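Heads up, the next two complexes both have chain A, just with different partners, chain B and then chain C.
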Partner chain A sequence: MSSTADVLPATGPARPGCGVWLHGVTRDVDPALLATTRGMDGAAVRAVRAAGLVAVVSAAPLCEYGEEALRRNLEDLAWLERAARTHHAVVAALSRAAAVVPARLATVHHDDTRVAGQLTARRVELTAVLDRLTGHDEWGVKGYVVPGATPRTAEPAGSGGAGAAYLRRRRAQLTARDEGQRIAADAALSVHEALAGHAVAARRHPPQDRRLSGASTAMVLNGAYLVGQGAVAGFRRLVDSLAGRHPELRLELTGPWPPYSFAEERPAGPALAVREPAC
Partner chain B sequence: MTTSLAPSSADDPLAYRPVALVDLLDRVLATGVVISGDITIAIAEVDLVRISLRALVASVGALAPPEPPDAVPADVHRAPEMPA
Partner chain C sequence: MTTQPPPVVQNSGQVLPAGHEPANLGDILERVLDRGIVIAGDIRVSLLDIELLTLKLRLVIASVDTARQIGIDWWEHDPWLSSRARPPVEPGPRDPEQVEAERRPRVARRAARREERDEFDG
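After this line comes the complex of A and B, so read on.
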């Protein structure tokens, strides 16, 4: 056994037939929090300690979380929702207690030793990210197009028969829609820039597919902002004020989130691509 | 409104309010620190978001009305497709 994995005595190492699902990395964790937080297999999460850092992990039975099983299960909406919410509940519980670097969904290691090896190999980078995230939360601001809030082009006059008139109308409608989308995109950019100015870091996720979000109009902004806990009131006021200044957009604030969108150092350098050697 | 992607009361009841699954997937699939897991290395090398969106759209398609004809091009960014 490697001496790098310092597993809490109350829990023990991963069971045979189980991988180790990584939830996130933090500096330290209260054993009481571990004992009351359920991981992927429904049992309490555990700590793997190395290099002055703590990886919070849970057992992931390989029949469900092994490579082949994951490929299949990630395409199952009910499975994906349960996995995402379980993982999120752990990350959120850690995030309420202290800064945490969340792991991406479905990061599964063979055993605790491999997890500890990652903590050791990436100590400098992880420590820097924890320093940056301490005292901050992520907030989301989504912007949707408000139909009719953008100018419409006038119906063009012209000669020709009903067919030509139809084509002119159709072209005018398409032009108006393009114009509406351009105006909404410009508004999204100014809203994002204003919010980014009030945040320590900001990024834009791709707009959500309406088939997934169920939104009635198109999303033009899917922003994430890392905001100091002392600056949240001002951030909320800014969102309100931007909503008033941009009637062409409907803004929606979500959060606080654990800092999922800011877990990596930017710019992403080669250090982030370091992979464990194969067995 | 879709059904299964609405905020769920099963989510964390404390400071973090119930979250919409679609917002959560933006974050847990596409972001978060990439510490390569042994088992999921092969999966991590393809685009998890695309894999899962393909599945989600297929699942949701059975529940929700079809995409309105006025869908804007922005949605194309997240169109489901097979990873290369």
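After this line comes the complex of A and C, so read on.
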């Protein structure tokens, strides 16, 4: 058994005129899963093995995924959607079977040897990440402001004409709005901290714009939580109870996701709270 | 590729407190473009290019209906990608009422000054 790219189960090495699109790295993969999972070119994905790791790849015709073409295509929303969904579907299928380190979109190599080289070069890091991810899934919790759920400040009394009364009322409205935002932000923080306490790692991502979220009110929490597969029921219950405790927020749970938010060994940003696995 | 993509996310079905929202494209794009491990590929569409991509996309989609559906502008909140990063809660555009409310005291002060002057002159 050599430690280079020695197993090429499905279609063999990259075809001429094709790059090698990396979907993700795992420890091992069932050939049946490879055979039933479609990659970027619509054909089955393949495994490139090296350094005790498996890179799951698919053929990426250079006319579509070469440097120039990719640059152009990434700006085509329809193309981008198709590529993103295809890549994500492969990563999700792998993730359902075993721990996977998802690759960022558009990681393309010239050939399998180059991919194997990356596995070898980054073996220590990839192995550590896989160890950390094994038995865990990513769950997303988004929190939206519930309008009117924050306390209204009482209308201030006072003397003066209609103009003064208007200004007082207006000031009170603005104060209430600031107060509402502060209350929502505080609630988001305490929800995040409670969820992080139930996760082995947690991250807060920038809230999505309303057009992205499709929600009618502002998002104040866009959290990702790495949760042990045995702890999911408890995590769900916690989300439920937090929703009850914080009527000022509407919470939305999505998942399980492949661990996109926890793929880097040392993720950037101070918002990350990585703790030792609880069990 | 035209086949129906598999259900990408098994949504919990426990959207709280009500409703069921399947994984949307925005959620997926946010993850595949912005997260996941960075491994240097040979085809150099690097992170830098993806930053450019998102910035360009912002321009491209600004006037397109798709933008409303997809709304790809999470970078607006990301200081790394945008100088226009905003706080988590967007106060929204200034409403005319507010502008008016801020204007009123100034108008009132000007009127008062005019009155003083008028008294002095008279």
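In this section, the second predicted complex is superposed on the first by the 241 of 279 C-alpha atoms of A that agree within 3 Å, B and C clash if a C-alpha of one lies under 4 Å from a C-alpha of the other, contacts with A are read in each partner's own complex, and residues count from 1 in each chain.
Here is the rule we use: contacts are C-beta pairs under 8 Å (C-beta built on N, C-alpha and C of every residue); 3 or more make two chains touch, one makes a residue touch a chain.
These numbers were taken from a predicted model, which means no experiment stands behind them.
Trainee: Per the contact definition in the header, classify A:16: touching chain B only (first), chain C only (second), both, or neither.
Mentor: Neither: A:16 stays clear of chain B and chain C.
Trainee: Contacts for A:71 in the overlay, against chain B (first) and chain C (second): which applies, first, second, both or neither?
Mentor: Both partners, chain B and chain C.
Trainee: Applying the document's definition of touch, where does A:207 land relative to chain B and chain C: first, second, both, or neither?
Mentor: A:207 contacts both chain B and chain C.
Trainee: Looking at the overlay, does A:163 come into contact with chain B only (first), chain C only (second), both, or neither?
Mentor: After superposing on A, A:163 lies in contact with chain C but is clear of chain B.
Trainee: For A:102 in the superposed arrangement: first (chain B), second (chain C), both or neither?
Mentor: Both partners, chain B and chain C.
Trainee: When the two structures are overlaid on chain A, which partner does A:230 contact: first (chain B), second (chain C), both, or neither?
Mentor: Touch status of A:230: no partner.
Trainee: Under the stated touch criterion, which partner chain does A:243 make contact with: chain B (first), chain C (second), both, or neither?
Mentor: After superposition on chain A, A:243 lies in contact with chain C alone.
Trainee: Report for A:42: first if it touches chain B alone, second if chain C alone, otherwise both or neither.
Mentor: second
Trainee: In the superposed arrangement, which partner chain does A:251 touch: chain B (first), chain C (second), both, or neither?
Mentor: second
Trainee: Going by the contact definition given at the top, which residues of chain A touch chain B in one complex and chain C in the other?
Mentor: Common to the two interfaces on chain A: residues 19, 22, 25, 65-67, 70-71, 74-75, 77, 80-81, 84-85, 87-89, 92-93, 101-110, 114, 118, 122, 126, 129, 140, 145, 177, 181, 205-214, 218-220, 254, 256-257, 260-261, 263-264.
Trainee: Which bits of chain B are touching chain A when the two form their complex?
Mentor: 1-2, 4-6, 8, 10-12, 14-16, 19-44, 48, 51-61, 64, 67-68, 70-75, 77-80
Trainee: Along chain A, where are the residues that touch chain C in the complex?
Mentor: Against chain C, the touching part of chain A is residues 19, 22, 24-25, 38, 42, 65-67, 70-71, 74-75, 77, 80-82, 84-89, 91-93, 101-110, 114, 118, 122, 126, 129, 139-140, 145, 163, 166-167, 170-171, 174, 177, 181, 184-185, 188, 205-214, 218-220, 236, 239-240, 243, 250-257, 260-261, 263-264.
Trainee: Tell me, which parts of chain A touch chain B in their complex?
Mentor: The touching residues are 19, 22, 25, 62, 65-67, 70-71, 74-78, 80-81, 84-85, 87-89, 92-93, 95-96, 101-110, 114, 118, 122, 126, 129, 138, 140, 142, 145, 177, 181, 205-214, 218-220, 222, 224, 254, 256-258, 260-264, 272-276, 279.
Trainee: Touching residues of chain C toward chain A in the complex: what are they?
Mentor: So the residues of chain C in touch with chain A come to 1, 3, 5-6, 8-12, 14-17, 21, 23-45, 47, 49-50, 53, 56-57, 60-61, 64, 66-68, 70-74, 76-78, 85, 88-91, 97-98, 101, 104-105, 108.
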